[in-house]
Each structure stands twice: as structure tokens, then as C-alpha cells.
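Heads up, the next two complexes both have chain A, just with different partners, chain B and then chain C.
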Partner chain A sequence: MELNLNKLTKQYGSKLAVDRVTLTLQPGLTALLGANGSGKTTLLRMIVDIIKPTSGEIFYDGKNIMKLKEQYLCDIGYMPQHLGMYPNFKVEEFLYYMATLKGLKKSYAKIQIDKLLHKVNLEEKRHHKIKTLSGGMYQRLGIAVCLLNDPKIVILDEPTAGLDPKERMNFKNLISSISQDKIVILSTHIVSDISEIADRIMIMKDGSIISYDRPEVLLKEMEGKVYALTVPNDNVVNYEKYTIVNRKVGREETYLHLLSDEKIEGATLLTPDLNDLYLYHFKDGEEF
Partner chain B sequence: MNNWKRKLKDYTVPEVKREKIESLVELCATYLPKTIDDRFEISKVKQALMVTFSGKKSWLLLELLVSVIFLFGIYHIVKDQALFFITFISSLMTFILILSFLQNISYGTWEIEKTCMISTEKVLLYKIMIIGLLHMVLLFFLSLYTFFLTPYDFVTILCYGFFPFFLSFALLFHLSIYFHSKMLFLGIFICVNIISFLLISSFHAISSIALSVAILISSIVYFLFSIHKYFIKMEEEGGCLLWN
Partner chain C sequence: MILLIWTEIKKLFKNKLNLILLLLVLLVPLVVTFVSQLSEYHSSEVTGVEMNAFEYLKTYQKYQQQYRGEVTEEWVSNLEAQYHKLETSNHDLNDEQVIEMDVLRKSIDFGHYILDETWRKENNGYDHSWGYDENGNLIYLPQEARPGVEMDLITHSFEAENHIYVGDTTSWKQAIAAISSYGVVFAFYLIYLFSSMYNKENKDKMMSLIKTSKNGKRKLGIAKLLAGLLVAILLPLAIIGIVFVFYQCIFGFGNPNVSFAFQLFENSDVASTFTCGETFGIASLLLIIGSLTIAILSMFFSSMMKSSYRSLAISFVFFILPLALNTKIGTFAIKLLSPVEYLNSSFYSFSLVSSIGSYAFFNVHFILQTSIWILILVPFIYLFYKNMQITNEG
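Here is the complex of A and B:
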């Protein structure tokens, strides 16, 4: 099972949202990291075929998805960033409705719905209306909808927004348990959500993929670029030119956690983590 | 015995060409049934029915209510204004019908719906086909009923009944390609009522049934045209309908 993107491009007017993305996706969890407006949502929408690329193709097991159409769609599960569900439907009712749209047989849908409601911890909300769910429950229902047809390709666009730490952990476990034999792409800003479980990390910037590899490899590249040092308070200005990941101001001295390409005198080297990696790539004053 | 052993030692398994196996597998695959998976419903009719009648069904109730009001209304109150009444009821029904379609698109669910096997376009198509047909049958019977109760001839009644139905459909789909607004919906409902009544009765006043039939047919053509246009637009833009 393999998904190939070939020079995928999407242009909105003069704005190039996704710029000639070429890559191969394999089973496992691929995390898509990128700042706001870097084109993550646009890329994922093209992968699930809800918007057409300006140019470029996508191949699923060597076949163009434009030709596969329904065969491709029955392998897809998608959870959009702005999840919309009918507020007046009951949870179970909505799941059945979506199962119908996904073309599932009623008998199969019943099994799946029971299983998934248990998995996302929404069994007791089964007969409640969607508008009565809290933000996090709503999000979890979205995940259940996405997995209804037992898809082989799972695309999640910022699925963890609004989950509390416990649900975040549950979610992490759920995702890593399904991602062995599926192609899972998860876009997020929250680095801790994908640390430890991501098989590959993809970093997107201004519409292009600037790096795509296993986390160990990416972190290895970061080695020797992360420093820690403690300086007197009035000396901090000298270090503002570096990317400061963390600073802790004391009464006389400040602890700094910095990223730098060149060696900093008197600083100790730290082991890089994914947060450092993210900030290293988005250091130019970009919000995240 | 020794001879045997030697022979066995020298024997090599003939190599099977990889391409040969692959081509054989491909050939077999073409004979396998084309169903994608046994998880999925294959019958298109079943699919269409499932889609049409899943989700909220309040529109069915409303439709029934309107029919009942019509039956009583035409019998008791407005017998001599039957034609206007049927025009009004017809576009009211269309209004309810379209409301049932819009339930699908008004909350931004299109993004997940579009990734389904039965895409939003297909849902709309199925609904237009099935509910539209139901609606037409209902309207036909109501017209028949009116025919027995009033002095008008059947063709006239049919024209008054069906013209607003097609016109409001067509206008709504056509205009919503260009404008995204909720007011449009209400506006069309009111306008179609007035326009269609005026149009038909003015043609009728010229006393040509042929003319009335002609505009009925042209409204059907316009209806088909605008739906076609709308579907093309939907393909391009995703979930666009009246609002999203």
C-alpha cells in the first residue's frame, strides 16, 4: 500500500498554497507539521480529493485516484479541521447517517458504530443530541465518523484541538493502535501530540515540504544546534539574535535555551527534541 | 539407487518468470466480481432509498400536512380560487422539498460528506429523483382532485400546479450558482408564486392552452438546464450551495 504525490500544486489566484509537493507515503503515522497558512489543510484536502489540484497527480498503489474514484473513496477516512456536524442529530443517528453516505451495509454499520463509540469513549452519549456535546466530545465523534468504514488511509487535520490531557493520551493510543497497517497523516501544531508515536515527520513551509524523514534522523540533524546557558540579566540582549526556545529569568541570572547554527561559547549542548526541531524551522518570527 | 540420487542432485527447479505470474494474476482479477468490498452496499436503488430517507424526515410530515390543508382548503374555502390556491401550494411544497436538501449543506458538513462514497452531489441527485418523483405524483393526484371539484379543465390545472414547481426549483439552483444568501431562498419562494400565477393566467387569458403547455415545457427544460449547471459548479467548488 502506497500513496504517491507527484508535483501536487494548488494555486488560489496569485497565492501558491501548495507548491509542487512530491512524496511517497507508506503505512504508519506521518505527522505533518507547519505554521499557520503553510498549506497543510490544502494539501490534505487534495489528498482526500475534495478539491482538485491545479496541477499534479496522486497515485494510490500506482493508479491515478482520478480514475479510481469510488474505489479510492471507500478506503478514505477524513476528519477536517473545521468539523461540521448537524447539531440536531443524535450521536448514534448521525453515525448511521454517515455510514449510509459512506455506502456501508446496515449490518456492518451497526458493528462498527458499537465498536467505535466504545473506542472514543462516547457510549453514554449515544442518545444525546450533538449540540449537547462538549468541544472535546464533538472532536471524538469526528474521529469515530472518520473511522466508520475502516479506512486504509486516514487523514486527520488537527484532530487534537480542544482535547483535555487525558483524552489527548487516549487519542494518542487510539491513533498509534490503528496506524500499523494504515497510512495515517496527522497535521498538528502541537508537537507533543506526535512525539513518540510518529513514524515519519513532514515539515511544511510556505506550501513546500522542507523535510520528510524519520524523527530520529531529523533529530540527529539537529544535534549540536541546541544550547543551554545561564547569563547575567543585563547580558541577555547579546543572545537575542538566536532563537530562544525558553527563558527563565531569575533575580540576577537568566537561563536560556537556544537554537544556533554556530557554536556558542560557554554554553552546554542539549539533546534536541521535536519542539526544538519545529522552532528551528519556523524561527523567523513566525507564529505557531 | 546411486543413480537416482545423482539425478535428484542435478535437478533444478525450472525458473518461473515473474512477469508470467503477474500477468496471470491480472487476468484472474478481471474475472473476479467487481464489488469493492463486502462492507459496502452495492445495489444502487437500495443506496438511493437509504440516502433519501436517512436523517431527518420532518419534511415528509410537513408535506403531508400541506396536502391535507390543500384537500380541505379546496373543498371548503377557496373553491372559486382553486387555480391560485394550487399554484401557492405547489411552490410551498417545493419550498419544503428544498429545505430537506439544504439540511445537508447548511452546517458545513460537506467536507466530510464529500469524502464519502455517496458524495454530496449524488445525495442531491438521489433526493431530487426520488423526492421529486414523489412530489410530482402527489401533485398529480391533487390536480385530479381539483379537476373533479372545479369547472376547470385538467390541462389547465396541471399547468398551474406544475409550473411553479419547476420554476422555483430551476431559479433556485440557477441563482445560487451566483449568489450565496439565505434571503435568496425566501425571495424566490415569494416571487415564484406571484410570477408563475401572473404568467400562467396571462397566457391563459389569451385563451391558448397550447401556450400554457409550452411554458410548462420550457420550465421543465429550464429546470433540467439549471440542475445540470449547478452540478458542474458543485464539482468545481466543493460544497457550494446557498450558503456555506
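Here is the complex of A and C:
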């Protein structure tokens, strides 16, 4: 199972939202990291075929998705960034509605709904209206909807937005549990959401994929670029030119956690983590 | 597919506001019509008797039943004899007898009108009133001549009919008036309901979930269309049903074969060789056809536009602006789209639809026009839905 993107481009007026993205996706969890406006949503929307690329194409197991049409959608599960669900529907009723739209047989839908409600831990909310769900429950229901048709390709656009740390952890476990035999793409700008569980990491910047590999490989590239040192408070200005990941100001001295391409005298090397990686690529003061 | 259609219909009425408005739309015109019908016969100046409107109508109905029959020379002379007996009785007439005489007089008039060509010509059709000559005898007062073509049409159509019946028209008259009174309110509701058919999912941010599901991509576009058209047929049927049951309970319906012209005759209004039953059918058909036209056009606008407010506004402008402009063409346009309006005006003004000829013409015309709209717009609706892109949800 393979998804190939070939020079995928989307242009809005003069703005290149996605710029000639070419890559191959395979089963496992691919994390799509990128700052706001880097083109994540646009890329994912093209992958699920709700917007047409300005140019370029997508191949699913060698076949152009434009030709596959509905057949392709049978294998797609999508959770949009701004997830809308009818607030007046009951949880179970909404799942049945979506099952109808996804063209599932009623008997199969029932099996899937029971299984997924258990999986996302919403069994006792089955007969509650969607508007009564908390933010975390709402997102979990979104995942259930996404997985209803047992998709082979799962696209999650910032599924963890607005969740508290505990929900975030649950979510992480849930996603890692589904991603062995599926192509899962999860976009986020919160690195901790995907650390430990991502099989591959894709970093997107200004519409282009600037790096795409297994986390170990990417982290290896970061080795020798992450430093820690403690300096007197009045000396901190000398280090402002580096990307400061973290600083802890004490009474007289400040602890600094920095990223630098060149060696910093007197600093100790740290083992890089994904946060360092992310900040290394978005060091120009971009929000995250 | 059936499941998809059914869920679309359910979704339409799951919205509480839609449901409440539906109840209002179904009931308010009926209640208003009924109340105004009663108040029409409220004062003794109109009815000539000291009875409340309901009693008056009941009594009137009773005598219509009593003197019902096929229009023949014999039937008319029987009625005339009865009328004469009442007229020449010495004692003062009681209220019931006043009504009885009224029914007799109108039935006799109608009989003459059907049977006697000379009478018909002399009296300029039936549009006359009663008065006294200088000797104090009751006579018909001639009124303005009807347009020649129209008179010919009426005459010919009645001569072509073999059997014309007279009888109880109370419920038919009121029920048909009630159906017509739904016209505008119902049209507004339909516009409201259907102009968000294809784009309300944008507002609900549901579009991307829908368009990434197998049936949501294209099939749902058809399902929505069929659901819309089905609703556009079922709602008018519901109205017709409610009206029918209501008047059945209040007055009960008389024989549907009674000439509708006789009913109109009482109002000194429009001629038609249709029976009451047929006219009720025509009214129902017009309501359904109007409803379909509005549905298809509103759905078309909603498939064209991302925002349901915008398509609602466009639909209203399209249907209402011609009225607001108040030009002949404008009123004509809206009436073409909502033919119930035609039916409505036929009760109040003679000039628009006045005879069987135009009734029949407009029915065919409306059916054709609605079919053409549907045929033209369906492919566009499908295309617009299929190519809808989800760019900025949320």
C-alpha cells in the first residue's frame, strides 16, 4: 500500500499554499509538522480529494485518484481541522448517519459502531446529544467517525487541538494503536503529540516539505547542534543570536538550552529531541 | 439511496425551527381562512337572519342538500313552485325560510342560466343582482357586459356538458378557498426550507466529512434533489389532507359532482364547467406544482452558493422582487412561479382566470413549465454539487 504525491501544488491567487510536494507515504504514522499557514491543511485536503490541486497528481497504489473517484474514498478516513458534527444528533445516530454516507451495510455499521464506541471510550455517551459532549469527547467521536469505514488511509488534521494533557495522552495511545497497518497522517504543531509514536516525520514550511524521514534519522542530523550552558545573567545577550529553546533565569545565573550550527565554547552537548528539531526549522521567531 | 433520501428528509425536520414553522404554516392559513369565512356571514345585514355564522352556514347547507338535483326543466319548475309557495304564504317568514328562499332563488337562477340561452344573453351571463321594477316586482338588474370571447367560451363549455348538478357546495367552496389561501405563506416557507438544501453543511462545517465519504461525493447530490422534490410534493399533500379533514369534520362534504360554477354563482364570480371535486383536484395540483417549482429553483440557488444566507436572499429576490416592483410583468412572473396565486385571484377578480378554458390552459402550462425548470436545472445542481470545493471551512 502506497500513496505517491507527485509535484502536488496548490495556488491561491499569488499565494503558493503548497509548492511541488513530491513524496511517498507508506503504512505507519506520519507526523506532519509545520507552523501556522505552512500549508498542512491544504496538502491534506488535496490528499482527501476535497480540493483540486492546481497541478500535480496523487497515485494510490499506482492509480491516479482522479480516476479512482469513490473507490478511493472507501479507503479514506478524514478528520478535518475544524470538525463539524450536527449538535442535535445523538452520538449513535450521528455515527449511523455517517455510516450511511460512507455506504456501509447496516449490519456492518452496527458492528463498527459498537467496536469504535468502545475503542474511543464513548459507550456511555451513545444516546447523548453531540452538543453535550466535552471537547475531548467530541474529538474522540471525530476519530470514531473517521474510522467507521475501516479506512486504509487516515488523515487527521490537528486532532489534538484544545485537549488537556490527559486527553492528549489518551489520544496519542489511540492513534498509535490504529496506525500499524494504515497510512496515517497526523498534522500538528505540537511536537509532544507525536514524539515516541511517529514512524516518520514530515516538516512543512511555506508550502514545501523541507524534511521527511524517520525520527531517529532526523534527530541524528541534529546531533551536535543542541547545547546547554549556564552563564551569568548580564552575559545572556551574547547568546541571543542562537535559537534559545529554553531559559531558566536564576538569581545570578541563567541556564540556556540553545540550538546552534557552530560549536559553542564551554557548553555541553545535549541529546536532541523532536522539540529541538522543530524549533531548529522554525527558528525565525515563527509562532508555534 | 432510499436511506440517503430518508436521512436528508429527517435532517430537514430535525431542526426545531423548521418544525415549528412547518406547524405554523400548516395551521395558520387554515385557521385564518376559517375565521374570516365565518366572519363573512357574521352580521345579519349580510345574511338577513338573526343567526350566528355557523348556524347560518349549516342551515344554508341543509337547504342546498334538500334541493339538490340535476339541472333539468322539471327540476327548475319544481323549485319555482316551492319558491312561489313560500313567497305567497301569508305569515312572516322565519329565519330558516329566508335562507330556504335564498337557496331556491339561486338554484333557479342557475337553472335558467344553464337551460335558457336567451335568458343567459339577456342577463349578461349570470352577473346580475336582484332588484324591483317600478311596479314593485322582483327583477334582475342587468350589469356590465362580460367580454365577448369570455362569454362565448362560457356558453360553449356549458352547452358541451350533458349533466350539470346542483347541491351542497359549502365545504367545497371553503376548502378550495382555504387551499388557495396557503399560496404565499407556503411559498415563503418552501423558499426558506430549500434555499439551504445544498449549502447548509457549510455552515455546520460538515461539508468535508460529507465530501470525503463514498456516497457524499456525488450520490448525495441526487439524494438531496429527490428528497427535496419529495418533500415539495408531500407538504402540499399534507396541507390538502388537513384542509379536507378539517372541513369534513366541520360541515362535511357534499356530492363532488355538483357543478363548481354553481358554487361560484353564489358568489357571482367565475364560470367553470368543472365539478366541485374536479376543482378541488385542480387546486391541489396547482399547489403541488407551485411547490415543486419553488423547490427546484431554491435548490438550484443553494447549490450555486456557498452561503445559505446568500442563496436565501437570492431566492427571495427572485420570487418576491417581481411583486415588489409591482409591474404587470412582475406580478405575472411570480404568479407563474407560484400558480396557487392564480387560483387565489380567481376568487376575487374576474379578470385573471375566469373560465374553464384558462383553467385548463394554465394547468397544462404550469405542468410544462415546472417540468422544464426541473429538466434544465437538475444537471446544473448535480454539477455544482459534484464540483463543490471545500476551501475555508471554519
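Observations on the model:
In this section, the second predicted complex is superposed on the first by the 288 of 288 C-alpha atoms of A that agree within 3 Å, B and C clash if a C-alpha of one lies under 4 Å from a C-alpha of the other, contacts with A are read in each partner's own complex, and residues count from 1 in each chain.
Quick note on the criterion: a contact is a pair of C-beta atoms (placed from the backbone, for glycine too) under 8 Å apart; a residue touches a chain by one contact, two chains touch by 3 or more.
The shown structure was predicted, so the numbers you read here are calculated from the model rather than taken from an experiment.
Overlay on chain A: chain B and chain C clash in the combined arrangement.
Shared-chain residue A:48: touches chain B and chain C both. After overlaying the two complexes on the shared chain, residue contacts for A:206 are found with neither chain B nor chain C. After overlaying the two complexes on the shared chain, residue contacts for A:19 are found with neither chain B nor chain C.
Contacts of A:150 after superposition on the shared chain: chain B is touched, whereas chain C is not. Look at A:84: by the touch rule set out above, it reaches both chain B and chain C.
Once the two complexes are laid over each other on the shared chain, residue contacts for A:105 go to chain B alone; chain C is not touched. Counting the residues of chain A touched by each of chain B and chain C gives the higher count for B.
Superposing on chain A, the segment of chain C with clashing C-alpha atoms against chain B, chosen from 6-14, 60-68, 78-86 or 150-158, turns out to be 6-14. On chain A, the surface patch touched by chain B in one complex and by chain C in the other comprises residues 45, 48-52, 70, 73-74, 76, 78, 80, 82-86, 88-89, 97-98, 100-103, 145, 149.
Taken in their complex, chain C has these residues touching chain A: 3-4, 7, 11, 14-16, 201, 204-218, 220, 389-391, 393-394. The part of chain B that touches chain A in the complex is made up of residues 36-41, 47, 50-51, 54-56, 103, 107-119, 123, 236, 238. Interface residues of chain A, counted against chain B in their complex, comprise 45, 48-52, 70-71, 73-74, 76-80, 82-89, 93, 96-98, 100-106, 108, 142, 145-146, 149-150.
The touching residues of chain A, when paired with chain C in their complex, are 45, 48-52, 69-70, 73-74, 76, 78, 80-86, 88-89, 97-98, 100-103, 145, 149.
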